[in-house]
Each structure stands twice: as C-alpha cells, then as structure tokens.
C-alpha cells in the first residue's frame, strides 16, 4: 500500500454504479489522486451515459466511454472459441475473457493521459482482481495498481454507505443493504454469485437469471438456424454476413428465446476456494456446439486430438488471468494454425434448452462420399490393411503378455 | 490368412443374427473349424434364447450364453465414467467400452474349451475389429483371430445370402437387402451408422432412434431425481441402493422418457477415416453430468485439473481399443485414487433433453459455509494475501514486459 | 504477522549454524515462544551433536536430532527417480525433494510436543519457503508458520551480527560478513547459489564445488559398476544388496570420485525470478541414467511414453513444493504402477564426468532374442503387416492432402 | 502389391551402394519400370559421383544428385532443436529427421519427371519405411510407393547376391555376407544397429563407432567454444557467422574430437518392437546443451515449461514419421513463437565426452543484475508478498487437510 500513497493520477474502470462511484470518490479523497474514468460497453446491457454524468458530477475531466463490443468479440471471444475452451468441463469463461480487454484499455489510457496507476472494483476474494492485475502488469510492468476492496479500511456495507452519504453519492434504494447476489455481465455471458446462491444444494431462485428464459418457458416448436464459419470463426447467420458483435448478439437472442445456456456450477477459483455461480451464456453455448460440428468435418484427427489435449490448459490460463502470457500466445498460435480450413455451414435446431446439430457441410470437408468412393477405387482403403495395422499395434501388447504369463 | 488355415477350434462372438450365423457356418465349412459360441447379454435388448436354438441347430456343442451386465457396468462403464471420459468433445464411448469385455470372455472361454482361435463379426473398415483384437492379443499373445469380414471371399450381400441359403440359414425378410443403417447396442448406448446417415448435412430420420424419445415427445413437466455416489460411482437412486446394472437401467429409463442422450456426430476413426453416427446414451448422459457435479464439491482443484488434462488421452485409448494396456491402467490408477472422497448426493432435473443440476451435497464437501467461516475467523483468507499472490504470479510477466519494451 | 504474536510453542528446523541460532534466539526473545528444535541428518555431511549442545546452551528442553537418511532415500528420492524427474531439462531436484520430509517431521513433532507453530530458516526470495510451508499446511491446516527472514525487522547482516552478539551466540569468523555463496546440502545433492555465482556469464570458481572432483581431476581409467533394480528402485550395487541410503551413499562416492554430476544452470523459481545455481548430484546422476536404462528393456512403450509426457508436470510439482498434493499422489500412483516389472541389472562405466551404459539385462526384459525368434516363427511379425500399418496411419494424411491440393 | 504392378516410372532413393543398386535393377527387370535416381548429400560422408556412374551404367537417364545439407540443417534440424526434442529421454532423432526431406524431394522429382511411384530401400521391420511413406503420402496422396524389402521374393542374402551377379552389379567383397551391423548416417548423426549389437548386455565393440573418438582418446585439455544464437538457431561459432550446415559441420568436428555424442540405447520402434542401437550425434549433443542454456536466460518460465510438456509428443511425432502432419505443424508454430527472443551467446567447455556450460549472456536476458536491482527499488519484489503467495497456494491444500482429518 505504501507505494500507492504516491499515486498522482489513476485510471479507474468505472461502471457508474454505486460501488465504483464510492471507489472514485475514495481515490479522490483518501488517495488524493486525480481520476480518469474508463467505462466500456462490453454488451453488459447497461446505459453508459449515466456513467458520464456521474463522473462529471464528481469532477472528472478525462472521461473515456467506449463501445468495445466488436473488439471484444473478434479479438478475445472468437479466438477463445477456436479452442473450444471450457473450464472444468462446463464453464465457458464468460467473465474471465472480458478482463484482459479492460486492462488493456486501462493501460493504454494511462499512457495517453499520463496516469501512473489504474484501479478496479474487484474484491480480494475473487479471480477478477488476478485477471485485471496480471493483464495490466504484463502490458506495463511499472504500472501501479489500486484495488480498493483490498486496500481501504471500510469494514462493512454500512461503512461504505456512510462514506457515500458523506460525499453525497446517490444511493439507489436497493443498494443500501447487501445485494441478494452479485452480477457480472458482458456480451458473452452474465454470472450471478453469492448470498442466495451460497448453498450448492439449493436450486437457484428463478429471479437470478438475467438474460435467458427457462427451457420450460421457451417455445414449443424448435427454431432452426444456420451458421457459416471461415477460419474457425462464425461469419454469417442464416445466410447473412454479419460483423462479429452483430452476429454474436443475434446468437444471444436465439439462445435467450430458446432457453439455451443456463449453467449452475461449483468451480475452483485460482485464489484457492470453491465458489458457486449461476451463469448464462446463450450465444456462446450455441457457438461452441456449432464450432465443434464444423471442426468435425474439416479438422484432421491429429489436429483435433491435439487441440482437445491442449484445451484444458488453455482454458485454465484464461481462467487464471494469463491471457497476456507467452504460453497462452504459444497455444493460440497452434490453435489458430489448425483453423485455416475450418469453414463451412452448420445447421442447428434450438429447442427448449437443447442445441442440436442437424447438419454440417464444407467445401473443405474431410468427410465426403466422393473421397470415399475415390479411396475404394484406388485401393486407398484395403480391408486387408487393417489386419497389418492391428498386428503392429498389438505387437508390444503381445510381447508384454508373453512376458507376464 | 495362411496361419489361420490350421485353426482347429474357434470361439465365436455370436449374436444369433443372420450375419454371425453366416460366419458360424463359414467357420465350420470353409475353415473346417469346430465352433464354440459366446453370446453375451450386455443389455442390448435382444432375447438370447433364440441364439442358443440357432447354435444348437447348427450343431454347436459348446454354447456360452451369459448375462454380463453387472460386470459390464461395474468393471468397465463405471471406471470410465470416473474419468468423465468423452471422445472428441461429445462421444461417451458407448460402443468402445463394451469390446474389451467381450474379448476378455472370448479369451477365457478359449482357454476353458481348448480353442486356439477366436472370431468376431466386425468389419474391416471400423474401429471394433481393432478393439476386439487388441484386447484379445493383450490377454493371450498366442491366440489366433479370425475376422471373416476381412478374410472371406464374399464380394457382396448377394454372395452372403446365397451362402446362407445354401446352408439353410433362416433369413429374415428385412435382411435380404442391405440395411438402411447398422446398429450396435449395449446397456450404455446404441449407435446407428451408415447408408441413410451417410450425408452429414442430412438430419437423421426419426426411425433411426432406438432407445430414446425425442425432446419434443418428452413430458412437459420436469422429472427430478437424486443420485448418490460413493468413491466416484453411483450407488443409489432416489434413496434406493441398487446394484450397478440395476441403477444404470433405471437411469436409462429416466433418460429415454425425457428425451435425454441423443447425439448426431462426425467422428474420427482410429483406422483413419471420418464417419457419421447417431448415438443414444440416455443413462450415461445423466451420469456424466451428475458425476461432474459431485466432483465439483468433493474434488480438489489440483486433482480435478489433472483429470481434465488426462481425460482426452484416456478417452482416446479406450476409443482406439487400448483398454488392456499399461498406459490405460496407469491413468486409471491415477483417476481411481482421486475418487476416494467423491461421495454424496446430486439432485437433477430432467426435462425434454436437458439434464440440469439443481443441487449437490456431501459429507466430504470441500465447499462449506462452516469451512468458509472457519477460514475467515482463523485468518485463513486474508484479502491482503491476494496482493502478494498476484505480485509473485506477475513477476515473470513484468520482467518479460520490461525486457520487451 | 499479527496472528503469529500469540504463538506459544514453536518447532524450529535447526541446523546448529549461526543463522538458525539467531532465529532460535529471536523466537525466544522477540516472539516469546518456547522453542523445540529439530535437527535432521539428511546426509548433508555436518556433525549433529554440536547442534544439540548449542540448543542446550540456549535453554532448549525438547531437542529432536534424527537420522532420517533411510526415510529420505526410500520414501522421497526413490519414488521421484521412478519418474525420471528432471526440472527444466537438467535439474535433479535435489533441494526440492528434501523439504517435504523436513516439514513432515516438524508437523509430527509439533503434534507430539503440543506446539502450535513451526519455523524455518528459508528466505523470502526463494523456493524453499514455499516448499516448507505448502507441505506443512497440507499436513496440518491449522499450524502457524513463522518465517523469520520474512517476518523480522533486521535490515542487514550487521543487524543480525549485533543481535547475535547481544545474546552471546558464537559467531564463526567467516560468518561475520556475507558468504561468497550459500549452500544447501543433503544426501542427494549440494547446491551453491548467490554472490560470486550471480553473473551467469562467469564460470563458477572451483571452490564452490562441495562434493565432487572435476572431470579433469578424475582418474584416467574408467570405473565399471553394476546396479540391480527391483520395482524401479536400486537394491544392489556390484552384487551386494544394500539399504537405500547405504546404496545411495556408495553411488555418491562413485560419482564424486569420477567427476560425475556437476551442473551449472539458470532456473526459473516458483516465486517468479530466474536464479543461477551450481548443483552437484553425483549419485543421482548415475541413478537417473541407470534407471532409464533398465526401463528401456522392461517398460512397455505405452507406459514409457506416458511417463515421459507426465514427467515435466511431476517435476514441476515437486519443484514448486506440491509433494503433499492430490495431483502429485495421482501421478505417483500411475508411475508406481508402471514400475512393477522394472527390474534387472545395468552395467555402467564412469569416466571423467561421463556415465555410460554398457549393458542391461532383466528376467522381465521385453527385448529378447528368444521373443524375436518366437515371433518370427509364429508369424508375429510379418513384414507385409507393415504395409497395412502404414496405409492406415497414412489415410488421414492422404485425405488431407487430397483436400488441400 | 497388385496395384504396384502397373507402375510405369519410379523415383528411387539411391545411395549407389549394393543394396539400392539391386533394388534399381529389380525395379527395371521385375517391375518393368523406368527408374529415376535421387541421391542426396545429407552429410553422410559418402562420395556421390560413384552413384552417378553406377546409375548411368544401369541405363538411368534421369539422375538427380543434390547437396541438400543446408536445407536439411536449416529446415529440419534447426526447427527440431528449437524444441529440445529428445525421444525416450536420450535419442536426438538423427535418423528420423532426415527421412521427411528425402521423401519431399522424391515426391517433387516424381512430379517433375512424371513418375507415378517412388521407391526406398528401408526394410519391413524398421521405422524408416513408415517415415518415408507417411511423408510421401502426406505430400502426394496418389503416389504409389514401392518398398522392395517388403515386396520382393528374395528370401536370403544369397538370393540377393545371385540376383546381383546375374545382372553384373559389382559386389564389394565385404558385402557378400551379411554385415556385422548396419549403418545410417547424415550430417546430424550416424546410427549402427543389428547383429553384433543385438545383445543389450554386451558393450558395443569399438569398431562400430563411425564419427567420434572415445572420451578416453580425446585430448586431456578442454576445448572452449562460443555459440551465438538468433531466434533459437545457432548463427555464429567463436564469433564467426556461418551458414547452418557449415556451422553444424564445425560443431560435429568439435564433438568428434572431444569424444562427445556417443549413445548406446534400447528404443521402442513405432512398429512395435524394441531395438538396440549405437548412435553418434557429436554436433547435435553440443547444440542441445547450448540451446537449453540460451533458453535458460531468455525464455520465460511459462513458455519454457509449456515447451517441456509438449516436447515428448513432438519428439514422438518426428520419430514415428509424422513430420508432415497438422499436429507437428501446430506444435512447431507454438515452439517457433517462443523462440523470438532466444538470442545471445553460450560458452561451452568440451572435455572428454562432457559438454559443460560455462557462461551465457544475452541482450534479451530475463536474468539480470540490473533488472533485479530495478525490481528491489521499485518494490517489484517485496518479501512480504511471498507470504500471501504461499497462503493462497496453500488454501486448497488446507481445505483438503481440514476435511480429511
């Protein structure tokens, strides 16, 4: 902390909400720092202009408000989906993947504005502090980082509210007490954690869900969609070429309307404890299924199996906050190379929570009647070859069995 | 083939169907071999007594008909599910896991009956020949293996039918022509492949499905079940302790009735080509979700992540036929050790194809309010620790960034 | 620190040297704690009785002095060598593997003596603090751990010396200033680090080497030895069955006398920086070569390659201090299973730093003329099989090449 | 074989020796094929002009004789050494890495000359047939491949000699009987296998060594060399910038003269059996040590550890013949990315078989006094941080220990 005492100017990741408004004021009053705010539209669904007004009200002169949705989807989400990344078998990394982008802009803005520090609103028990800070340090080794939730002396929600009142920060009625659960959201997902969700034996109450209807509420007839891929990324939906964020937003709509992408899990945090969360990833859930389907006909077995073996490590790196690390870049280079011919169309049926592949085709298919026919004719597949194939694969096992008899 | 000319007595994996009846007769007439039949009840859903009668009619004196369902589930299926094994992201290995058990019994029966060979009805283009034969060689390095589909001189279905007629093998009407698709089934799953399924762009016709109703046909209200685990295996369902096969059969019923476990995929065969299949794994799909859920609260992160990294390799070994290999045994030893405290209950909601976790609890939970409270009180989690944790994790990235500036 | 203020009784890993004597006194005077000393003979080559006298002089009533060499070699070193564990391609983990044993005894002694804390003399920049503490916490989650080098207020060597003088702790002449390098030693290795070794472009001065002569000084004629293994561990040397520590001591002698096992490296510490060290592992270097040689004839390829793929992770776990972790135990279970038939003899030539395998034989060999002959006769290896083997392995590559033309 | 009957024109990998001369004649007489010869200088140490004369004598009109040493070192050997590739802990893949280059040229020449087939002289029990053929198929899926050792009807050496005499192929005296061992050589290594080396308990006779003197014969004083790297590859030796093959040839000279690079091993072949070989890799052994040393100061830990984990798979791919596979390319992409800043100098001492690193330095070093000092000053390393780092790393282990008490 002591090094932080000398901070002069700090770029704050500012949502406009109560908590980051308190942080803003605390940075001004307790740290005597000039504050620059950065508010990003990551597709979380909030209006951004109120954040500008609040910042102005608190005397901020340098206010950055940016729509980074296209960058988020094309430079972070899509590369991650090329890897079919899933953490602990189920989690699509919706929160994890947004943090490096925010840190990248915080660092860039710090350089533009001559700030010597950045600040974020993540708590000291979670993963997000790690993700923000590792990303920031990897991009600027000399940056100072303020994490008020770890650094300030408030002991309770009451202390915070008193501080807010003292500085006339507006307090929405429902924010006076502790929230029944906390939410993080961006275009890829929303997560809900805490309080009413703390007992993993209790089913989450319906009101925690933010952006999907339940499978039960979804229509009784299936919706069919068609996604087209190029180099491993979706480029068109139902025949219409779309920008990454536009396409992803439509996938979200399809998912939401069909009850797709709800997940209730207990996960292992990088900081060492288990936590329970409820996640909604409507578009991502569709995309993962579609991507695996287009890979299934265009990706060679060797490449596919190597990808599957590398994936858990890759997902763990993103979860733990190592997006800007040499090892993530190395894995990305391998993954991206594999995607060169991952192109074509996937047809899907969405029905009450299900994402069902009903067809896939590609000019680059490795599965093809024509090829099969060609191979038979040319002797590419002689069933007699299988005997030799098996014999040599068995040789070491037979040697072993002979010894062990 | 020449070595096979001298075969005297052969144990045939005999289903009682037309194809293996032709093989039986071919072994008798063309190979001049005495035949022992082995017919296993793996839960495929066929009557076994007809197989006995047909074998007797063809003059077989040593007829083995066995119900191996409990062994199948407890010694093959459950160990595999401890690993959360999934091949290429989606396939639950339903066919693959049954083959080693059949080979094991074929080899044991060969030893009991003094047979010098075994025979199976798998074709020369598929994976099953590999799985049967690698397993057999690993258990008896000197066994001779006859794979008639690779070895005989029949060129077409017509040739086969003529041979059957010549030897008065009864031919069901619907077997005269080629089947519109071929089926393999056991308690874990059924698979459908070939012909009408060959174009991966075409949705599978409804009639290929064998053991599940569609999500659309499933009830409009969810069914709730509760599975109890001990040492990584399910031991009770809705509070009732059940034998492995009995429990699994009930899971299959629940899955079937709720449209759970259908899968349409293109996979990479070990013999080198891609194939398209439609699989139904109702109980297995439920079990996989439940097992991951109970692991989520009872398995340490280090163990869980190691398991996730080892899984693709483990699944590939089973898919490729290496169940009886040192490397599968090594991985199993690691996996089994991890399961010692994987116990407790999972509550699930089954609804029109969805398997939704709604609760998990365990006496061995690593997630617990009490623990959390203990840690706070005892200083087990000091938010200040996070700062040091991040700093040291960031150190190498900062050093790198300093260099690369 | 504050939680540590209440420590009542602490078990200190005590070498008897100046630094841990200062720590002992600091614990008594500044922490007001009763101190229990634990001094282990790990084969580091120091007399232990002086440690007892010093402890007695400082008023210690509970003094544990133990020869743990057999336990160290049989329960820590040998299991690790079964894995052929090497960190970053070169380091045999000599320091890393001793720490968990020390922590285990510290925790056991704490329980025997009713101590609520343990203390160690590792600094705050190194790996050993992590290894000591992770091991201790894994064995007793409630233990308090005092790491004086991190916790006290001394700023310099001068401060330490003053404190020692104040409490009449004897100060060897050569310990008044900072040492030209620091040493850690146990039966497996000695390491030298710091000061004169800090520039990685400078060759280490000859005087840093503790327990080997240089290759140049070694005899001009080779020494031949023969090591016998059982279940992956060495059990006899030159025909003489020996206890683990006795055998290992002899290997150390052979290595030392032949200039074997010196290593000058730059390694990556778990705490995030690179450090340069000079290590000497005479017996371990011989053992690693011999173990790989006996495995080369007794271990199946599948097991051997799986071991090679798991090894870097296994070595990293030990290096980072996770000996007592579920994932290390899982890997150990896999590795140990592979060693069941790793038995037989290896003949080696030691010559001026070289360890040269000149022969290996085993009753469990998988390489054998007899087997080869058997296989030829029985048609186990038909060269024609190779054609089929290659054809099917090539199939996917040909399909890919056809597509990409 | 039957498909091969129609071969019209075949490119033969032709050494000019007796065996490939017999193959050449056999292709002409028994296969009625026009033959194109390809003789490559891979640094094996043979004169190539005699091969031209023999080919001309046998009526060959299209004779390709090429010096491919630079391509071999820069496009195959160096990329492989970037990975620190070692097969089964010891083998530097000297034979394996040469095969894909030969196949590549065979395929290119086939396309240039309108040949429909290629032929090689590898036997049916070895790995090289696999490597040649997988590479060829990956580059031209329609190529026909003739492997005379698998395909012809000769039963014994006598048959071959008779055939040679019938067609007046000159037979060197020492080639009438079977050789006491067989040799493969290229610039990276020479290998010796078979006959006198078949018993792995017997030390190899001195006369099998081709290109190194023994450590005993090497000079009594050490030789010091300095290798400079750029992007992971050596570019200069003792201050002199050299082409890849020239530099490598000098490393070979240094290795040979100092008894460096001998290896006697038992390895696992891809075709299923164990074999014993004696390999000499003088320059490669030096290069591996030097490359690891320059990486030790320039490669980040995350990148280094990922490389170590991927290496066994990468080495296995090359050993098994999958150089031209998507998965090898993916791994190469990851590895190459890691090498961008692997530059600087390594100083080595060569002494009687030892390769001893005595210094490493780099403008891109991640180890540096200056950095260390900078970090201390800026608070980059606060020893207090270590406490938090350990606490959070320990948290899951403590939770586990609490549960398991």
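Every chain is named by a letter (A, B, C and D) in the order it is written, and numbering of its residues begins at 1.
To be clear about the criterion, a residue touches a chain if its C-beta (ideal position, glycine included) is under 8 Å from a C-beta of that chain, and two chains touch if they have at least 3 such contacts.
Per UniProt, the chains are A, B, C, D = Argininosuccinate synthase.
In this text the structure is predicted, and so the values were computed from the model without any measurement.
The chains in contact with subunit B (Argininosuccinate synthase) and with subunit C (Argininosuccinate synthase) alike are A, D. Although subunit C (Argininosuccinate synthase) and subunit D (Argininosuccinate synthase) carry the same sequence, what matters here is overlap: shared residue numbers make up over half of all numbers found at their interface.
Inter-chain centre distance (subunit A (Argininosuccinate synthase) to subunit C (Argininosuccinate synthase), centres taken as mean C-alpha positions): 40 Å.
With centres taken as mean Cα positions, subunit D (Argininosuccinate synthase) sits 33 Å from subunit C (Argininosuccinate synthase). Chain centres here are Cα averages; for subunit A (Argininosuccinate synthase) and subunit D (Argininosuccinate synthase) they lie 42 Å apart. Annotation for subunit D (Argininosuccinate synthase): residues touching 2 or more other chains are 141-142, 268, 271-273, 300-302, 305, 313, 325-326, 365-366, 375, 380-381, 384, 386-387, 389, 392-400, 402. Touching subunit C (Argininosuccinate synthase) in their complex are the following residues of subunit B (Argininosuccinate synthase): 3, 141-142, 268, 271-273, 300, 302-303, 305-307, 313, 322, 325-327, 329-331, 333-338, 378-380, 392-396, 399.
Chain contact summary for the complex, subunit B (Argininosuccinate synthase) toward subunit D (Argininosuccinate synthase): residues 300-302, 341, 364-366, 371, 374-375, 380-382, 384-389, 391-393, 395-400, 402-404.
Those residues of subunit B (Argininosuccinate synthase) lying in contact with subunit A (Argininosuccinate synthase) across their complex are 84, 88-90, 123-125, 129-130, 133-134, 137-142, 147, 149-150, 198-203, 215-216, 222, 262, 264-268, 271-276, 292-293, 296-297, 301, 304-305, 308-309, 311-313, 316, 321-322, 324-326, 347, 351-354, 356-361, 365-367, 369, 372, 375, 381, 383-384, 386-387, 389-390, 393-394, 397-402, 405.
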